[in-house]
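Heads up, the next two complexes both have chain A, just with different partners, chain B and then chain C.
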Partner chain A sequence: MEFDIKKSIDLLGVICPMNFVKTKAALAHIKPGEIIEVKLDEGESIINVPRSVKEEGHKILKVFNDGQSFRLIIQKGSDQ
Partner chain B sequence: MTNNRLDITAMKKMGMIQQKQKDFFAMRLHVVGGDLNTEQLQRIIEVADKYGKGQVHLSTRQGLEIHNIHYTKLETARKSLEEINLKMGACGPRIRIIVACPGNDTCRWGIINTKKMAKELDEKYFRKETPHKFKLAVTGCPNNCAKATENDIGIMGGILPEWIKDECSKCNLCIYACPKNAIYKENDQYKLNEDKCIYCSICTSSCPSEAWIRKKEGYILHIGGTMGKSPRLASKLCGLIEEKPRLNILIEKAVQYYKKHGQKKERFGHMIDRIGLEEIREVLLDGV
Partner chain C sequence: MEFSDEQLERYSRHIILKDVGYEGQQRIASGSVLIIGAGGLGAPAALYLAAAGVGKIGIIDGDVVDTSNLQRQVIHFTQDVNKPKVQSAKEKIEQINPDVEVVTFRKIVLADNIMDIIKDYDFILDGTDNFPAKFLINDACFFAKKAYSHGGILRFNGQTMTYTPGNTCYRCIFNSPPPKNLVPTCSQAGVLGAVAGILGTIQAAEVLKYLIGKGQLLTNKLLTFDALNMQFRNVAVSKNRNCPLCGQQPSIRTLMNYEQPVCDIKQNNISSGDKVC
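And now, the complex of A and B:
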């Protein structure tokens, strides 16, 4: 599946909660419906960031597992 | 005046513990689930200033102790605390103060009302005699912040998840987020290995499309945990317990079994190891 990614951020090595803060900041710079890609570490990051993104009203379209890390494809929520 | 005539054992039972400075005592307060209001805190400050040395000690089990109280002042200090409903704690071979995390009152992960549960258990069991010390803890979810598994009886909130096919966006996040690798994919279906599941709710909280839902909510009962000289983590008695009355029966049976079969100075968990977990599991779960 192809995504029209507006911004890609690499948060490998960035711990909670800064990984979510940076994700949120990236989402603030795009329009509702647009998409960003976020690279995250396994463990705490993959447990916490998607949950927080979801709670803020955004949509996770896809998750890729690249071995020790993950890529989240996030679509900005409509009422953001 | 000397303190030779003091009944140290009886005082221990009431939470007054003799220090190595023999004329001085530590007053252990009855703080259930670590909760105190500001009126109580003010009074504790007053008592510690007036009868102690202006200092309090926080114990490892959410307790609060006022140290360095001369034995001649104990009675006055106790009465002052009891005026505002601050009772004394317990020490020795009996059921101790119940520990609890904040639970679903304030914590986003909390599944059960830990404070209410701790209060109920306290009313029923506090200071009851047992073969050795006996500790209970209530923790809101499998993050286990209240260390339920380090207690003779540990109660933990939990959920059993269920996958709803029509809601699923096939993002696979559940597989990655599950801390126990209990979720797997088979023939395009997501499945749960309940033997591996710890009922933690990370899958239901993380799922972007609400395809994992809470099928059941309830309690996980752990028995036989202890720290001390021979640490032993508690054993999970059975799967998720949905009904509170059933949980209460199991707790009661466990306490009664220990009172009957536990040897003096033998912790519940060490009794379990001596008799055998399977046998105890069978007795406790029989008919419940």
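And now, the complex of A and C:
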């Protein structure tokens, strides 16, 4: 499935909570309904960031497992 | 404005908060606050507002740092004794956060200067220690349609309320200043230093909530506390139709200077009162 990605950020090597902070910063720059892609490390990052993103009303459309890392496809919620 | 990586890290604990976020931090960064009085209340408020990244902080105070201030006015250090308070405060703010623009006024607020000073700020924080100034700030903010935080402390007690246009003002509750010497000042009655910290910090939190536009302000509420028994009360107050300022038939139409007890203002500070540094 293809996504219309507005912005892609690489957060490999960025630990909590800055990975979430930078994800929020990226989401602040797009409109509700638009989509960003976020590259995250396995472990804490991929456990915590999607959970926090969902708690703020955004939608995780898909998680790609690229082996050692993950790509998160996030659609900005309208709650913002 | 866009935040740098360093700023994202500096403000990360704000940005993580759902009710602040990136957008709320932007509002803080583009906000401006005038702190009237760099004393017991203004000191903690200035420290937290600087750390929070408020875009512009104005500080007005005509005094110099005195040794007796150091017990509670935590923005001033021992080495600052005899230095103008606004200069001492500006130096600390800049060390805490170089993002903040600091504007200083080495003078006291009076009827003929306050409107011109407050006009450039989003929010006014009353950190003064005398009734004439408190009534003047209330009246000026009413006329200028500015939001402000009232704060007062004495001994182990504190009280604060937030005014926004259309809501209960200080005069709705306290019609006019009490007779001179009826209420002792901090210098006569004493004050627990930490009480100033509690109250000034509550005022800083109100400023930040106002700037981000979230939560319930202390409008139409008077928060009082007694630190000796650590009891807090939130008293509902309402607009007074007989208020001489904002009531139905107001008698106050211009700003006025109430007479200040002479012992409370040092003459040497009045003489240097018009210097803007």
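One rule holds for everything that comes next: the second predicted complex is superposed on the first by the 80 of 80 C-alpha atoms of A that agree within 3 Å, B and C clash if a C-alpha of one lies under 4 Å from a C-alpha of the other, contacts with A are read in each partner's own complex, and residues count from 1 in each chain.
The criterion applied here is as follows: a residue touches a chain if its C-beta (ideal position, glycine included) is under 8 Å from a C-beta of that chain, and two chains touch if they have at least 3 such contacts.
What you are looking at is a predicted structure, and each value in this text was computed from that prediction instead of being measured.
A.B. asks: Record, for the superposition on chain A, whether partners chain B and chain C clash or fit.
C.D. replies: Once chain A is superposed (C-alpha atoms), there is room for both chain B and chain C without a clash.
A.B. asks: Answer with first, second, both or neither: which of chain B and chain C does A:Arg51 touch in the superposed model?
C.D. replies: Once the two structures are laid over each other on A, A:Arg51 reaches chain B alone.
A.B. asks: Should A:Ala28 be classified as contacting the first partner (chain B), the second (chain C), both, or neither?
C.D. replies: second
A.B. asks: For A:Phe20, decide between first (touching chain B), second (touching chain C), both and neither.
C.D. replies: second
A.B. asks: Contact-wise, after the overlay, does A:Phe70 reach chain B, chain C, both or neither (first, second, both, neither)?
C.D. replies: first
A.B. asks: In the superposed arrangement, does A:Lys59 touch chain B (first), chain C (second), both or neither?
C.D. replies: first
A.B. asks: Report the closest approach of chain B and chain C over their C-alpha atoms in the superposed model, as a whole number of Å.
C.D. replies: Closest C-alpha pair between chain B and chain C: 10 Å.
A.B. asks: List the residues of chain A that touch chain B in one complex and chain C in the other.
C.D. replies: The answer is that chain A has no such residue.
A.B. asks: Spell out the part of chain C that touches chain A in their complex, as residue ranges.
C.D. replies: 3, 8-9, 12-13, 15-16, 18, 21-23, 26
A.B. asks: Could you pull out which chain B residues touch chain A in their complex?
C.D. replies: Against chain A, the touching part of chain B is residues 169, 171-173, 176-177, 179, 202, 205-206, 208.
A.B. asks: Show me the residue ranges of chain A that touch chain B in the complex, using the header's touch definition.
C.D. replies: The contact residues of chain A facing chain B are 42, 46-47, 50-51, 54, 59-63, 65, 70.
A.B. asks: For chain A, which residues count as touching chain C in their complex?
C.D. replies: It comes out as residues 17-18, 20-22, 24-25, 27-28, 52, 55-56, 80.
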